[in-house]
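Got some structures for you, see below.
Two complexes are shown next, each including chain A; its partner changes from chain B in the first to chain C in the second.
== the complex of A and B ==
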């Protein structure tokens, strides 16, 4: 136990230095580095190296977390602040599944659970994560065993069944924070109900951590969470400049800390650095792509396994994704968190996450993003895996066209599973969509 | 009439089309064959047949467009919209029921593509649906419309999936239903599938049809009925994509 604690601490403190040396030695040629004028991207973001560093460190320290500190596996939209205040190491299976998706491991992991009877229609993240649990395969070395599973239903109901399956497998308690769906505005009763559950959570998690919540630590975590969301919002707002200093595809990678390290100093330090770099690029007129002719919004999760080719074909034709509902969702809700009223404001913030809100809100959100960023087109990724995000997109698409004059493309894919991807058909639709701007 | 100005090639998945047009976009010569996997040879054959002067610019579209030596390659969506507009001179909704996919394009003023949707993930809702099942019923292509016209009591075909519809048709035949009535029912099934892709037709909008299936009057009639608006066939419906490609090479 003491040894584990020492290892965990050592990695957390020494890690950054070690990793930065390692990442400098093993530096891959960045996007756009000395590849000639034909290359469609702008120079790569310097912050990318730091991003790799802090995310690697997060997973590296995770290897030594179990036995050293209490470990919780949490859903992306879970109110993590009470856990951090109790000293938990938080693991995000969705973020981990995204890493598996980028590395194209999902078919193999999914096959393992499909053999156990799980349906291929289940969200690819759940299949990937359960596949990791079953096979022990992971691209990050090792995930720490959870002491507690934490699931909030503000993103979907899938997570409830997925985390139940994990609880069954690991034989550890499952803390569920139930989120009533928000039609219009969150109702007072729902806010109270949510805040009550947060108090209950602090008790359950405190029992596992073996200590009571230190109010000061909670307030500090809440403050960091809010600050992190605002910093992330500043990074995204930088994308409104013309040309945009980065691309929405960059943002998909750079959002990892606000998802998996929300409420930590590392997260906020990182976004300060990124914001400054983006602002510097704006002042020098450096764009995310070489020749930005058209600006687009992206809706839904990214197609993780096709990010590179998709971003390349868009960039080659002068199209830049300058905003996305997915990346912006992490800036919107978190900003409502307020140290003056931790439970009440967390209830508001976490009930109001994008996937817990109705279609009129989503439509107005998309219109606002298009207007702010000067996007004249939108790609709506109809994601076979993520039903709550994809349902209603046909209506959203029609109304974006008729009410905001935005050209749209519904692109059928799956954020995690390349088996649902048809290169010829997707490429064809994308080509026709781009031609319609000329 | 001015002389030959450009060539348009539509290397589709089931048929290969090519046209030679003058400056005004009038078709001077055309070529049409079932798609040949030796695409380059087929393209050479087409150019010979069109008797275009050497150096005439080529525009290409269709699934095989990248294999055609062309000054300009564009998707069928853009080409069908341009081709149809040049023949009709009107904006509207263009429905192209092809062999392997069905496209619905909202064509704006000047032939610009405002919006499109496609059914290209499965054979339901495409020309292939009719082709497979009518082959099963041993009805030659040219006879289809005549069969449908003779129907007095169309039988509903409920499966929209081509594979399931095929077995449904087999059981309808076994039940003793008249082939004419089954054929008419099949047209209605395909039309309803295509209509769902079209969605609501705004009042006052014209609906046009292009592609090989538009040559089948029974299908045009079924779609008109399903959409409750008259559907007009673009002249030379099979050549619309190639014409659009030729027009793109002109500009």
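== the complex of A and C ==
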């Protein structure tokens, strides 16, 4: 126990310096770096190196977390602030599953759980993560064993089935925060229900951490969460500049801290750095792609396993994804968190996340993003394994065209599993979509 | 048939509400004189091109329901209730009312996910009160608690009879197809009328065993296509235990308390239902329940009849495999998409499964 604590502390203290040196020594030519005039991207973001450092440190420290500090595995939309205030190390299986997808590990991991009876039609993240739990395979070395699983239904109901399966496997408690779906505006009774559950969470988590919540620590975490969301919003707002200083594909990677480190100083420090770099690029007219001719919105999760080829084909033709509902979702709701009323404001913020809201809201959100960013087109990723995000997209597509004059493409894929991807079909559809702009 | 029943209820001055799967407070609707007609698809090809507004990887229950509503299939109804059963029906609950397909009043019935806890009980009660308020606006009359008390008793009696018919299956001189037709008439009959039919069937239960063949447990979402029962019968099997979300999982495990505030009694009903993945019940508790049901019924095998793309049902499949493998009980997974008829491939698989059980000893 003492050794684990020492290891965990040592990694947390020395890790940043060591990783910084390692990343400088091992610096690889990044996207757009001196690779010839034909390269369609702008110069790479310097912040990318720091991003790799803090995410590597997050996973590295995680290896030594169990036994040293309480460990919680949490869903991306879970109100993590009470856990951080209690000293939990938070692991985000969704973020980890995205890493697995980028590393093209999902077919192997999914096959392992398909053999147990899991359907290939289930969420690709869930299959990947359960596959890791079954096989022990992970691209991050090792995930700490959880003491508590924390699931909030504000992003989907799927996460509850997924986390139940994890709870069954690890034999640890599952804390559920149920988020009633919001039609129009959140109802007072629903906010109260959510806040009631937060109070219950504090008890459950406090029991595992062996201490009661320090109110001061909670208020500070809540403040950091709000600040982090606002900083992330500033980064995203940089995409409104013409040319946009980065691409939506960059944003998909750079959103990792707001998902996995929300409510920490590291997260906010990182976004200050990123924001400053983006603003600097704006002032110098440096774009995310070399020749930005058309600006697009992306809807739904990224196709993690095809980010590179997708971004390249778009950039080569002068198309830049300058905003996305997915990345923006992390900026919108979090800004509602208020240290003056932690439980009440967390209830408001976490109930009102994009996926927990009705289609008229989603449509208005997409229209707003298009209008603010000057996007004249939208790619709606019809995600086979994320039904809550994909249901309604056919209508959203039609309405974006008819009500906002936005050209649209519905592109079918799976956010995590490349086996559902048809290269040829997607290529033809993208080509036809891009031709329509000429 | 349903339109005849709806017309009759309208003549009696009752409002008709279409209800999507799975769980909703039947007692509340009955107490307020609202006639519930459930919409499980319907099976078969979608009734209109509106199904294409939902991608092909969304379950047929949601796609067919959208097509049915958008084609005017619910024109005789006065409103629709969308329980929050799963992500797909939750999505449908905004898609059809907000973007077209259902223009009449739409009520959402949200029920809590997770375990029984004080916050969840309080939430159920507040949702019941909210729904009662919406129904009061529809019917023009408020909820009367004595009527709710009577409705709770009426439905408790319906549940008792349904439980009896299912648990005493070997002694009931009805084919599976006939029994399920009877049970599923509860999806659209006025509860009082349904009660009479159930009571009549229950009077036919005999002391001697009348059902012979291979006893099976069936678990799944909805027994569609109904020809699955003809196929089982032809293969020499019968349903000895039921765990369909549409049937057995909606029969409360114990009757409500006889006394107390009716709204509290009704709220409590939510937590007395058999474990069901659509209510995100604990998997361990569900497996324990299924094993107990299986053993009590003397079933020789399990048919897991799951709709394609149904996340709630599909997430539990590995646990069912594991649980019944440990118990030495064979499991057949039959995937369906609300077809009008059982496919020849599915029929062959069922026949082969039953055949294999005929030559196998009893389960542990």
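Going forward, the second predicted complex is superposed on the first by the 438 of 438 C-alpha atoms of A that agree within 3 Å, B and C clash if a C-alpha of one lies under 4 Å from a C-alpha of the other, contacts with A are read in each partner's own complex, and residues count from 1 in each chain.
Heads up, the rule we're going with is that a residue touches a chain if its C-beta (ideal position, glycine included) is under 8 Å from a C-beta of that chain, and two chains touch if they have at least 3 such contacts.
Quick caveat, the model's predicted, so the values are computed rather than measured.
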Checklist line | Contacts of A:408 with chain B and chain C, given as first, second, both or neither | finding: first
After superposition on the shared chain, which partner residues are touched by A:429: those of chain B (first), chain C (second), both, or neither?
first
Chain A contact check, chain B vs chain C, more residues touched by chain C
With the two complexes superposed on chain A, say which partner A:183 touches: chain B (first), chain C (second), both, or neither.
second
Notebook entry, point to check: Is A:371 contacted by the first partner chain B, the second partner chain C, both or neither?
Noted result: neither
In chain A, both chain B and chain C touch residues 412
Within the complex, chain A is touched by chain C residues 52-55, 57-58, 62, 84, 86-88, 90-95, 98-100, 108, 110, 112-115, 117-120, 122-123, 126-127, 130, 277, 280, 282-284, 308-309, 311-312, 314-322, 333
Within the complex, chain C is touched by chain A residues 113, 116-119, 121-123, 153, 156-158, 160-162, 164-165, 168, 176, 178, 180-181, 183, 187, 189-190, 193, 196-197, 200, 358-360, 382, 384, 387-388, 390-395, 399, 412
Per the touch rule above, chain B residues touching chain A in the complex are 63, 74-78, 112-118, 120-121
In the complex, the residues of chain A that touch chain B are 401, 407-408, 410, 412, 422, 424-425, 428-429, 431-432, 435-436
